[in-house]
Every structure is written in structure tokens, then in C-alpha cells.
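I've put the structures underneath this note.
Each of the next two complexes has subunit A plus one more chain, namely subunit B in the first and subunit C in the second.
Moving on to the complex of A and B:
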């Protein structure tokens, strides 16, 4: 390993460590981050589907009985936590409030800092997701799949999280032009939530809509990864290439936008 | 003569913003039609800085000081002109260039708020590729000099402004930069903390002979640290020279103050020619007297009035600055 590469790895490693310390700096916040989504999930989704199936526990909705539906939503919760947990709030705020000035001076690039921070965030999310998974499995809500299926599902979910990060980064760097990007991000999150199968399984959507959606990245963000974990994996290769394509598109756009945006940057507020 | 460390030639920077009328109608109209306004923040600015120089960059708010600092450090891109720092275009943001400069912003923290300063220092150690031995030695020395050794492991958000500023200074000097940009480093600090920071910078400069550019509203900073002053008004360079020359810019006048044993309620015609400034209780007056008149005027006043105290001094730099800010045309003869 060359000395320069070794030094660069050290820079990434220390950034990941410091970001980790930052993410866990506030104990109560971290605790709520751990249990909050799980509580919301069980109070809202579990109760909703319990009510729907309460009349007839053996009812089948588009191939899903009650247990399968809860299984689906538990996996949606886990996948969402790992693949779509990251937001770009810090990134766009850094640009808007002129805070990126520090990163422009340090000999470690802005994208490197944010990517390392994301990796650190992902480590925490994976930890929380694993903990949640063990808890729900212990409670008998979910049956853990085989090691092979699990490995495949985790690898696919992590790959999607990379795509999600490049897309979030894209909405973040738009702050060079848009003074507020939160509406854009909220819209994107809501659209993703609906079209990815996070609210209800795509099996409940009309077939023609699903056929169209299959050409977009959305179903591969939640629906198909869940199917992998449930042992019904399909569209894996197609999903991989579609997500890869969009990851490359967003990475390219991010590079171009940064190059152009930084020339417009005024470091307001400094 | 060595090549300058900083070379600025005909530098210009303009910003475009959009005018918006007040109220809901204003918002609605600006939604469809925006009126751009171009602000010339820096105009045709030129100067050179040699190794080891400390330069004070002074000017009123909005004059363009911080814009210049942003261009020097590569944070923003100049609109036109030539700018070389250590032989490099700062806005190309070459990593090797970034390792040789430092910026301290008094009004903006560069440390991470949610973690102790030491964690930030460790991060910067890796970023700037400082060896462990150098790092430990510098941290030890600087924290001792600044009196913050016990605060290194406290969260930055829990430090006072003065303590935080000392940490900011430490963070920016860990990598032994060749050029340091200090943007109002003592702003908001009490007198003791201001003095500490100045002494520290002076000491650091003496040992390292780096080039320093400092902007400040406190004239004590400039007097304590700078060899050379550059004045900026409305984006243009107004003055570039030594501190001594600057103090004489309004002529060879001295400030003479007389204190009387009781309030002086009469109108002293003799003083009117010397721009008298009376204290509120009329027991003290300050005059601006040219060197030629100093002796005769002082003896006349001491002889004829109940003077208890008498002091004379050079024109304070604050006074010169204030006078120039109110009347920038006085600088026209000095324009370089």
C-alpha cells in the first residue's frame, strides 16, 4: 500500500470515528432514534393491519395473510432503516448557511467528509436495525431467513443505501441554487414512500402501474429487497442494473453541480 | 528580493443579488420577475505580501475585507484579476496549498460543537498529516501558552467565547501554516482574553516567521501586531503603508488634553481653532494641535487657566480611522 493511500485511509477512518462520536453525542437523542421508529411502526402499522384483518384472521389480501403482511411491513421497516435512513439536511444547511467554508480550507474534500459521515451513520443504522431485528424475531413477530438469503438481502440493501445517499446528496447540493431544499426532499421522500412499496405491498397496486414502476428505481428501494428477505426474490439482476445506472447518473450530476455551484458560492454569513 | 508570498493584481469580485419589494405583493411579483442588483465588493485591488509580514486589513463594515479573505483562502472565486498565494491560485483548492494556509474566523466556529476540542484536533492532525510527535508537542506548547490545557476534553459548545477562540487558534496552527488569515480573531472577547490572543499570535509569529493577514475592528490588535496597514473603503484600497505613516495621515497634529480643577463654563475663544472636545462635566478638554503651536499654546493655557493635569500624545489610530471613515475623500491624496 502506498504511503499516500494509507494516509488517505487514515483521514477517512478518523472522520468516520468523529462522525460516530457526533451522532451519539446526545444520549437521549440517540435512545429515541433507536426506539422511536420501532414504536411508531408497532403503534401505527401493526394496529392498522390488525384492525383490517380482525374480522377474519385467515383473510388473504392479494396473496398476503395477516402474518405475511406483518412480515412484509417488519422487513419494510428494517430495509427502510438501513437503505433510506440517511437525509441530506446537514449537507444543504452547510451550503445555505455558508458552513462549507471550513471544508473548502481543510485538505479533505467536502464529498469525502460527507461520504465518511454517511458511512458512520450507516454503521449506527445497521446496529439499530440488527438490534430491532433480533427483538422482533425473539418476540415471534418475524422468522429470520436462512444465512444465504440474509446475506443476499443485506448486500442488496446496502447497495441501495449507496444509491439513496447519492440521490440525497443531489438534493443537498441543489442548495447552491435553491435557498430551501427541504420541500424538494420531503416530496421525494413521500413519492418514494408511496412508489417503493413501503406503505403497502406493490402487489396491491394495479399491474400496469407496477410494470411501469419496474423501469424506475422506486420498487427496488423497498419492495424487491423485502421480497429477497421473505425468500421470494425476483428482478434481482434487473434491479441491480437499474440502481447502478441511477447511482452513476446521480454521482455524475453531483460532481457537475458541485463544480458549477462552488463558483456561485458566496459563503454568506461568514 | 524574494518573490511575494501573496500577490494580488487588479482583483475584482462582484456579487449578484435580487431586489424584492416588501410584503406579500412584493413576494408575488418577485416570483415572476426578479430585479438583479450587482454589488462590486472588491474593485481593482492590488498588493503584495512578503514572507514574515503581518498586515492589518482595515475598513468599515461591508468594505470588502471578508470578501478578500474568502478569495485569499479559495472559498470564493474572484470575478477577475490575478491572485497568487504561495504561487498557487487559491480557488483551484489544491490539497497541498490547503495544507499551507490557515483561516481563523472570529464570528464563525470551525470546530465541531458536539465533540471535545481534542477530537477535532485529532481529526485535523490526520487531515494535515501531522506526525504524532509534532502534534503532541504543539498541543502541549499551545495549550500551556493559552492556558486551556484542562479544557481540551470538554465539549466545544460548553466553552466560553474566549476559550473557544483559543481552541480555534490552536486548531488553525496545528499544521504550522505558512500563511495565516485571521478574520476578527478577538471579536467579542474581554480585554484580558484579547491581550492573551494577541500575545500568543505575536509569539507564534516570532518563532515561525509566517505571513499573517488580520482583519479587526479593534485598533489595539493592529497596533500590537501589524507592521503594515491596508485600508479598504467600498471595495477599493485606500491606504497601504506603515502604521507610523498612517498615524500621520491627517498631518502632524497631536492630541493634547487639559484637566481643570473645576468646570470651565466660559467660552474659550482661544481654543476654538483646535477642535476642542469637552468632557460632559466641562472639567477636561481635548485639543488637536499641530507641532509648531504645541509649546506656545500649552504654556498660554497653563498660565492663564486652573490646569491640574496636562497630557500630550500622538493622534490615536482610532481617531484617524474614524476621521477617515467619515471623510474617505481625505485619503484621495494617499491612493496608491
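Moving on to the complex of A and C:
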């Protein structure tokens, strides 16, 4: 029993290491694909809000002065990088190109391989996010919260990243039926950016929209984690249970879809 | 020209046949564009619920600018977008061999090959938005007549810059990152030039003139005294077209065909 567990851990560890090498093999591509979009998104928002507040430096918009607005978007950048950085590109490609045939004979499941790959990706993202955080704090753009708040924020963000992974996995396994799953992923990103408060804080949205959104997982993906980091944590327990509920739903769906999809699988190219 | 038009007609018809054979993807693409439009317009509207001006512009002016840029995006998605992604794949797999062997301009056969018909379904929405906000900002009849030309001019500058950027894929092992860079460039251009300041703004107005794509035509429409911006845009288009021919031929010489 212990020996079997040790062997399994060894498989996970080696897969994580292999994935790390794969992710970092083309460093420029990794930067342009994973970090670049978030960086440009932040840059645009920084300039936009600078332009808005330049009319009146003391202006307060829905409780945000200029510094707080920039703080909000800096945290959005960090949270987005850790929680929503992962995409299931390889997963759907594996299905479409017929590469999952090898997983069917490996002593390591398809989901285990992709979860290990996600873990290695997360390690890289956490490293980059930490470095960014240190840089922006050193530049005086952001004030770091207390250790307690920081720990809670990081734990919550990592929990969200698990939910994001199950959702990405869901769009990936739909490749059994869909020719192009990137459309679903992009659509998911557009909806999430807009409804989670990544583009503008949800405080600026009409109240009736926010009231509805609070019953969906979206505000808990960006808006509430940022609020935790900014020391204004609320809805933490509610958010935890909503995200937990949706993670279980997607994990269940992923399991069912895989079981159904594998019966349709024709092993293209074999 | 007639020959190229007849070839392009074939490109369009084969693209439509391929795209409509995957109906779910076709419908999802339409919905995706719709979400993008709604989220962009709603975000700006929500900001204007709390401020009266962004830079020198009021809500309707900024939404007109945004509609102008979204219309360019729509045309770009329809005519060029897919070809950029296919180009990076073709370079990697060596499929480009069969494309550059065709007896026509290689730029034409690479970048005009794939037409995305699904974007055509959303064109009335983008066009409607442009007309609606055009009416709100009280455009004169002559200004309305200029809009189609300015759209073509903006789209031309955008794609020429993107063609040049894509040429760098010839020197890279995997060019997919360049496509993401292209998309980030579009994101920067989607906002008016006045939100950017200092050196960045100067660079994005001259060396890499992506801010001219929307800001030059719209500023000219609002106030014709901004004609130097438009003249600068035309000049950039000419200079970058010459540069494109030069770097493209260098790129083709660099191409070592992965399949042979």
C-alpha cells in the first residue's frame, strides 16, 4: 500500500518536472502568452484611470480615490495571474490530435497528468506573481497587507485557481464533441473578466447586477479576493462555499464527460 | 486585379464551406463576438455613470470611438484574423511550402486565405452601434461619407503593422507568442491616444503607430483641424508598406521549410 503510494507520488513528481521543462522551453512564448496579456491589461487600466483622475486628483469614485483604484487593479493583476492564468490548450489538443491513446495504456491517468501539469504551471505563476508583488511594493505602488490578511488572500486565491482549473478542464474535454474549444475558453475569459470585476470594480456596476452576480461564482473569482488583500474582506465564507459547490459540480461533470467522450474517441492518426 | 478578385472569391467560398460544416463552433463564434461587444460597451457605460468626462471626451464621443474600433475589429476578425494563426502553424509544419509555390503574391496567399463568415453575422450590430453613436455626436453628411474610407484606412494600418510583426515568425522556432503580442497591440489601440502619456504615447503614435488606427480618424471627424494626424497615418501606411515588402522578402529567404 505504502509502496504503491510512493510510486504514485513519484509519477506525479516526475510529471510536474517534465511539465515545468515544457512550460519554460520557449520562454518568450510563455511570456507573450501567459504574462503579456495580463501586463498589457494592467497597463491599459492604469492609463485609463490616470486619465480619469487627472481631471480632479482628489476625486472619489464609489469609495475609490486614485491610489485605491490603482491598488485594486494591481491586486486584480496578481490575482488574475495566479487564479486565472491557466488554459487547457494541451488538453483539448491531446483529444483532437488523438494523443490520448498513450494515456490509455500509461499507468497514469489523463486527469492526473493534466493536474500535475497544472501544478507545475501554478508554481511558475506563483513565482512570477511573488516577484511582481515585491517589485510593485518596492516601487511604492502597493502597500502590502498584514501577514494574516496576506495568508488568507493567498489561500483563497489558490482555492479559486483550483476551481478555474476544473472549469478549464471542462472546456478542454468538450473537444470530444467540438472541433474548436478555444472559442469556449475565450468566451469564458471575456465573461469572467467582465462579471468578476477584473475590468472595473463591481462597486461601479448598477446594484441590481451586483445582487444577481453574488449568486454566481464570478465576483468570488476576482472582486472578493482583491477585497481580502485590500483588508476589506467580506462574503468570505459565502464565497468559499459557492466556489466549493461549483468546483464539485465541474469535477463531477468532467468525470461524466470523460466517460462518455472516451466511448466516442476514434484515436485520430492511429 | 481581376485575377486576384476571382482567387479571393474562391478563398471566401471554401472558407465558408469549411466553417459552416462545424455548426456548433460557428454559432459559438457569433456568441463570443456578441459577448465581447456587450462587455466592452457596458464597461465604458458603467464608468460614465460615475464620471462626466474621460480626458476631453464625453460618453457619446468615447462610445463612438469604441464603436469605430469595434467595427475595425469586426472587419479584421472576418478578413484576416484566422490567417495569422494559420501562418504560425504553417511555418512550424512546413505547410507554407505549398502556399508560397502558388503563382501570386505570397503576402496575399498567406494573409487573405481564411475568411471568417461568422463575423459577418455580427456586422449589423457593430455597424448599428457606429451609426447610433455617430448620430449622438451629430456628424455632418460629409463626415458620414468619410467613415467608410477612414475605416479602411484604419484597418489597413493595423494589418500592415501586424503583417510586419508576423514576419518575425520566420526567425522563431514557434511563432504563436507573436499572435498573442498582436492581440495585445490591438488591446492598446482600442483606447483613445489621450489616455496614454509621455514616451509610451510618443512611441505608440510614431515608431509603432497603433494609436493612430482609431485616434487619428475619429479626432479628424470630431475636429478637422486634426488633419495632421490623418496625414501622419497615411504616411505611416506608406512607410510601413515599403518596410513590409522588405522584411517579408528577407523572411522568405530565411524560411527553411520544415517539411522538406
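Here are some notes:
Convention: the second predicted complex is superposed on the first by the 254 of 270 C-alpha atoms of A that agree within 3 Å, B and C clash if a C-alpha of one lies under 4 Å from a C-alpha of the other, contacts with A are read in each partner's own complex, and residues count from 1 in each chain.
To be clear about the criterion, a residue touches a chain if its C-beta (ideal position, glycine included) is under 8 Å from a C-beta of that chain, and two chains touch if they have at least 3 such contacts.
Note that the structure is predicted; figures quoted are calculated from it, not measured.
After overlaying the two complexes on the shared chain, residue contacts for A:248 are found with neither subunit B nor subunit C. After overlaying the two complexes on the shared chain, residue contacts for A:193 are found with subunit C alone; subunit B is out of touch. Contact with subunit B, but none with subunit C, is seen for A:107 once the two complexes are overlaid on the shared chain.
Legend: residue contacts after superposition of the two complexes on their common chain; A:137 is shown touching neither subunit B nor subunit C.
In the superposition on chain A, contact is made by A:36 with subunit C only, not with subunit B.
By the document's definition of touching, neither partner reaches A:158: not subunit B, not subunit C. Contacts of A:184 after superposition on the shared chain: subunit C is touched, whereas subunit B is not. For subunit A, the partner touching the most residues, choosing from subunit B and subunit C, is C.
Contacts of A:47 after superposition on the shared chain: subunit C is touched, whereas subunit B is not. Comparing the two complexes, residues 26 of subunit A contact subunit B in one case and subunit C in the other.
Those residues of subunit C lying in contact with subunit A across their complex are 22, 24-25, 28-29, 31-32, 35-36, 39, 42-43, 46-47, 49-51, 53-55, 172-174, 176-178, 180-181, 183-184, 187-188, 191, 194-197.
Listing the residues of subunit A that touch subunit B in their complex gives 7, 10-11, 13-15, 18, 21-22, 25-26, 98-99, 101-102, 104-108, 262-263, 265-267, 269-270. Partner subunit C is touched in their complex by these residues of subunit A: 26, 28-33, 36-37, 40-41, 43-44, 47-48, 50-52, 54-55, 59, 61-62, 177-180, 183-184, 186-187, 190-191, 193-194, 199-200, 204-206. Subunit B makes touch with subunit A in their complex at residues 15, 66, 70, 73-77, 93, 95-96, 98-99, 101-103, 105, 107-108, 110, 112, 114-115, 119-120, 122-124, 126-129, 155.
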